[in-house]
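Both complexes shown next keep subunit A, but they swap its partner, so subunit B is in the first and subunit C is in the second.
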Partner chain A sequence: MLCTPIEHSLSRRRFLGAAGGSALSLGGLVTPAIAEKLRKERRQVLFVWLDGGMSQLESWDPKPNTPFGGPFRPIQTTVPGIQISELLPQSAKLMKHLAIVRSVSTQDNSHSAGVDRINRGDPKNRGVVYPYFGSAVSKLVGSNDSGLPSYIWVKPMNGGFIYKDAGFLGPKYGALALGDGKPPENLLRPKEITTEDDDERNELRKLLDTKYAEQRRKEFTEANTHAFEMAAQLQKKIELFDLSKLPQKDQDRYGSHDLGRHMLLARRLLEEGVTFVKVTSYGWDTHGDHFNGAASLHPKFDRPFAAIIEDLRDRGMLDNVLVIACAEFGRTPRINGHIGRDHWPEAWSVCMAGRGIKGGVVAGKTNDKGTEVATDPVDIGGLFHTWYKALGIDPKETEFRNGGQPLPIAHEEMKPVKEVLA
Partner chain B sequence: MPRLLALVVVAGTVGVNPPLAKSAEPLHVRIDAIIDAKAKAENAAVAAPADDAEFLRRAYLDFAGTIPPVSVTRAFLSDTSASKREKLIESLLNSPTYATHMADLFNVALMERLGDSPEWSKYLRESFAKNKPYDQMVREMLRANSKDTNNVGASFWISKRLENYGQNPVDYSALTRDVGRLFLGKNFQCCECHDHLFIDDYKQQHFQGLHTFFKNTFLSKGVVAEKLTTEKHPFASVFTKIQMTTGPSLPGMMMIDIPMFAKGMEFVTPPDRKTNEPGVPKFSTLQAISEQLPTAKNTDFTRNAVNRIWFAVMGRGLVHPLDLHHSRNPASHPELLTLLADEFASHKFDIKWLLGELALTKTYQRSSVVVAGKDTPDARLFAVALEKRLSADQLLNAMLTATENDAKVADTLRPKFVKAFANQAREPEDEIAPSLKGALFVLHDAAVLELVNSKPGNLVERVAKLDDAAATDELYLAVLSRKPTETERAAVAKLLAKHTDKRAEAVGRVAWALLASMEFGVNH
Partner chain C sequence: MQPKKAPPDANAPKELGKPLVPTTQINRIRFSPDGKMLVAACFDGTVKRWDVSGKEPVELPAITGHNGWVTSLAFAGNALFSTDSWGAIIASDVTAKEPKSWGVENAHDGWARGVSVVPGSDVATCGKDGFVRLWNLTDGKKFGEFDLKADVLSVCFAPDGKSLFAGDLFGIVRELEVPSGKVIRTFEAKELHRLDRIQDVGGVKNLMVSADGKTLFVAGAEPKSGGFVQCVPLMIAFDRSGKRLSQYKGVNDNEGYITDLAWHPDGYVIGTTSGQPGQGKFFFWKPGEAAPFFSGGKLPNCHSVALHPKGEIVAVSATNANSSGNGRVKDKGGDYPANNSPIQMWSVPKIV
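After this line comes the complex of A and B, so read on.
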């Protein structure tokens, strides 16, 4: 069980209440000036999470003709000298936008520990629960005035508001999860209520609320107002969720499978200005029949991943949006008795693109068989440094504040991967 | 010199001894004396007394779990007797709704939405109906003896926590932590692996000693059973790595000696390998904790119990957060916490008596309206009544009462209300947390909208037949338990006048607006 400190008992109410004025917020930045400067430029993140662990050998770091290489061939990318697996043909065409770190080496071999540590960036044990990257960026960058929550998570299955991602920042910085890419339950107004009737009843409600709020403490009334405002904002964006209105060509390029539809929704959310969009795909934990699994899974990632990179590029959005494809670990070079690959945090790859990233680059390498990292290993803390730098946030100048306690935004003893920074 | 002067003034104010009430006086008088003294010392803008409507609604929600029916409101507002508030409190504490509401309150507090069972609900309802002493209830929960036919449901508190979730192992750490949090007011979670890093009072020994009572418990066919506890429990801090051992022990109390029995003599009833029936050990750690924990001499128990009851009635713990009693997080009014704990114990842990005393205080009967033009006092001073969260059940009951719909639909609607308004499992519902989900539910869910459709015998049908002025009065009395202001009368009249052809629908929209308002959605 994770050690949850006193700070964890920060209030859910405080978080919601903080939406209006930042005075109530405890997890503040060191200087408001920096925060203001950050908000002026739109910076966004697309975080693609391949839950269970994508095999680096069948994706970003193929090892053909080696004992562990498996049956798939590498292919040339559009950048001379860089090869990736033939299972990612679309991504190969966009290599000049992509940067691959092949020397990722992390600590946790189990899903439960790995998911948490990778998402939180694993700053040394500070006795507090660190925010997930999405919550951290949501805090550091702000909401971009999209009218939508700053951290939206598109995922299969259930949705809801996932405040545990926020750690000590307080639940305001949690994720609004759109289960199966669908809008929150009850978002649609029933047809029998006309717009006029709806306005009329809400006007009377607001009249009551204004009078009530004038005479009361602020905590509850502000939080309640925020909840109803978020409901109203999302209702206005209801068309976001109707992908069928998009050109058929778009839908075909992304694919009609979960990750395809979810990535297309992610593009729409990024276009709207949402600061951090996380897209999760499940089912990558291929302990058995790995190669058939990979042959089916990897293209399901490749197609929408390449499509969104193209679309962001065509819209000029790669200058703003940092794109990351990541998991909790890679997979073992050794092929197990079930023709599977197991968990392998020792040596795996992460791909990124977009804002602050130099495209067409491979940083670090693994040894010939792909079993170990052959260059300086990059732990998740180093990747967080890289990503913050790419977003123009200097981990040396910026820190979180938890109550009075200053906390680094990334592991203090680690450094960014300079080769991939623009 | 001005600085020095300020110091003198401050010292002068703080130094005044609060006019402590004599112990012969009833508890509610003594409570007010302590609260008032501190509010005065801190120069807090104390709110006016709640008016009858505010008081009536609050007392109903707190002790009956719903708002007053419109007939009660009307009668109470026109009642001129000086003792009507005392009479109301007395009557609410002795109504059947008292036990139902207490069962909801304690279920939410003690189970934290982990799950529910009919036996558990029944156990809570019957216990509160009998006004069973709280120490006895906790004893029965911790003993978890499902063979005690009168109290089968009590074992649910532990049995639910001994279940596996999916493929995960039984979370004994969470069980240990919950005993600390919910019965002792101390969250030892951080102390499983080391002494607490920030709270000097919380030691790894505390977690491990508590854990030793539960480490040998398990579920056998859904029933709580125990393996033998024959030796001390080993543990080591992840920092020092020094090997330690502990017997079962409560924080601040003597470690219990683990008795030795000759081989073959350890059980009252030995386990039966044929039927897979677990044995009953002679030394039961559950028996031990159930005897040791809920007692007058265990101040952790008594202080936590009164602090949580105070929280339920006053909206904030004297110690807050509720599960962080320690020396560097003292009570807002330390002498009050001690007084309540002592009095609760000497009144044989009589919850109804304590609630009655709290309800009689001026502190409880203050308005939640802050004093205009003055700084809002710190919540810790209890100078202005604090708003309290409504549980999913309270909201459902209140909506049904307000809209005069048949209470029979409650069972159908309850799961929807719980989904919309309850926290996730293990998330204490200890503060008001308006959510997007809840807002959308009120705005659009058929479960709510249906309530304000005109149906035979319901509020909207009844009110639609009245003239505008009477309709407005009736809606406000029924839903908000008060009369409308002139501005509100005018606004509603204007709305209704626009829809003379579809009057029932218009009345329904007004009723909805009142239901969806902040004033309705919270216990203020």
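After this line comes the complex of A and C, so read on.
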């Protein structure tokens, strides 16, 4: 069954209220100088999350004409010797920009635990809740010069301020989730309130915040203030959300479905300089009628995924933006009785492109039937190392601090996948 | 006090012999018109064959030459037409030592979904590429091509061969004139499709015309969700003018799709349903009646049904038990197992 988190609907009031609601402590960087350097370099991430688990066999690691290979053909990519599924024809054309890790092997075959484990990098258990990758990058890289929140999550359904993503970093590093790609409700100043009145209201709020802060822990009030600041920033950029003003050609290339529209919004946010944009698509948990599901779903990922890589390339942004397509696991080689594939963390694939990534590369491999990783397995900790390295952050030299407690930013016993690093 | 058990239904289908257990999963099974052979379209790219003319079925060499999955089968005498998920159609003489008569490797761009035959003249195929194509039965020469601009899941000739029906992903069935391809009529069964999030779910999985050519059966399911795909089996009977006559609808959304249909000369439909894990069944339904006169069979995840030409035996392909499971399921020997599709023969109930 689908096991997706249910976020509450967000009005401005709730958005603001939620931000102050966590008692998690704030972490810090070892050297602020490093953070400042990173900001100037404008390192960004696009994290495409295919919730439920995309099948590696119908995407990045086809096994045609084998017992578990399924019905689809492999197609040649633009890189000789590399084939992917026929369901990803646009990505195949851009293979020289893509790196595929086919030897991903992770630890959890349930959605409930798997989603968190993958997003938090599955570090060693030290009794703290690690941040999601988006929160971690938000902390380590900063907010660039966009004047926008550093971690924005574009997703179907409801939005909200998702402070739980931040773990021990504290709620300030949570995700601003834009439900259905829309800004929080009631974000704009109502017409009946004048600018002067609004300014006065904000002054009053700040005064009350200061008084409130005197009696409470810093992280509560920081998060509250941060939420107001984010709201104010979004008010200034409200035109970002109106995709109808973009050329029709762009809208057609990305697709009019949720994932297409949300990827197009992601491009806009990246263009504005947002550090970390996560785009989630739900409904990939194809336990039944999987192959017809894949025939419908995969092309709806392929087109906007390829379109945004093309656009980032054409804008010279692919050198700055690390692009990752990921899920909580892949899908079983075995085809079940109702022609579905179940959950499979044992041997699956992740695709990436952009900043710090060597394109046209496949790292690792699975065996002939796709039932085992045939090379050194890569757990999510290794992928976190890879992604940090691609962003120019050395996990050996950088650590989080959780109130004085030094914590590695990625599992210290794992290492990056060097083959995919530029 | 224990409730009294209902007396066994003397007219219920009964299992005949042990199931055939191929080493692969199956999309379709069909009897040859003379009833001597049973063939199966398999996930391993072969068409498996059994001589069923004796007391016990005897497996014959499989027909090879396909890629991906063999997706559909249709007989015309000894000629068997099979399609595959890489887009090929192959014609085979099932009595010949070298069975292949002709083949078209790229009959469709990708998944060829279905095949239908008018004995003595034409073959029609349909595919995910949105096309219906017509082929000369004897030499495989293409003589018609119609772009329906949607994934065409099923195709079926009218008994007189003058028109054919093509059902698509969105629940639309078009009756096309042969060979012109002119759309004669459209039958709407849009409840067979659902857009769930970004996934198009369902569609016209099966089409069948009654032997007298008067009734068109349009089958699939009413989807409730994508992903796991929960859906209630649904089959709608239309007259040839496009008027809805009656329908069979399953009871709950664990029953899955109607996966295959057969027409019994006594005037009823035999069908199979996919079901959720471990569920699924076959059923006998007389058009116009509210419910099937038999539904069951204790067969998990059924995918095809074939009626023997004499009308007294029906073969049903299902799935082995415990076919689902997250992670690395292992069999008793410690290996990662593939699933298979046991084929069970059943007696056909006498309609009262």
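Heads up, the rule we're going with is that the second predicted complex is superposed on the first by the 355 of 422 C-alpha atoms of A that agree within 3 Å, B and C clash if a C-alpha of one lies under 4 Å from a C-alpha of the other, contacts with A are read in each partner's own complex, and residues count from 1 in each chain.
By definition in this document, a residue touches a chain if its C-beta (ideal position, glycine included) is under 8 Å from a C-beta of that chain, and two chains touch if they have at least 3 such contacts.
Keep in mind that what you see is a predicted model, and the values were worked out from it rather than measured.
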{"item": "Which superposed partner A:284 touches (first subunit B, second subunit C, both, neither)", "value": "second"}
{"item": "First, second, both or neither for A:340, with subunit B first and subunit C second", "value": "second"}
{"item": "Partner chain in contact with A:227 - subunit B first, subunit C second, else both or neither", "value": "first"}
{"item": "Which superposed partner A:127 touches (first subunit B, second subunit C, both, neither)", "value": "first"}
{"item": "Partner chain(s) touched by A:396 [first = subunit B, second = subunit C, both, neither]", "value": "neither"}
{"item": "Touched partner set for A:161, first subunit B, second subunit C, both or neither", "value": "first"}
{"item": "Partner chain(s) touched by A:67 [first = subunit B, second = subunit C, both, neither]", "value": "second"}
{"item": "First (subunit B), second (subunit C), both or neither touched by A:236", "value": "neither"}
{"item": "Those residues of subunit A which subunit B touches in one complex and subunit C touches in the other", "value": "1"}
{"item": "In the complex with subunit B, residue positions of subunit A that touch it", "value": "1, 3-6, 9, 11-13, 16, 127, 160-161, 176, 184-190, 193, 197, 200-202, 204-205, 207-209, 211-213, 215-221, 223-224, 226-228, 230-231, 234"}
{"item": "List of subunit A residues in touch with subunit C within their complex", "value": "1-2, 52, 64-65, 67-73, 86, 109-110, 156, 257-259, 281-289, 292-293, 295-297, 300, 332-340, 342-346, 371"}
{"item": "Subunit A partner contacts - residues on subunit B that touch it in the complex", "value": "171, 173-174, 177, 189-190, 192-193, 197-199, 321, 323-324, 368-370, 372, 376, 379, 384, 386-387, 431-441, 443-446, 449, 485, 488, 491-492, 495, 505, 509-510, 512-514, 516-519, 521-522, 524"}
{"item": "Subunit C residues touching subunit A - in the complex, by the definition given at the top", "value": "24-25, 43-45, 67-69, 71, 85-86, 110-111, 128, 151, 196-201, 203, 225-230, 256-257, 274-278, 280, 300-301, 303, 318-320, 323-329, 336-339"}
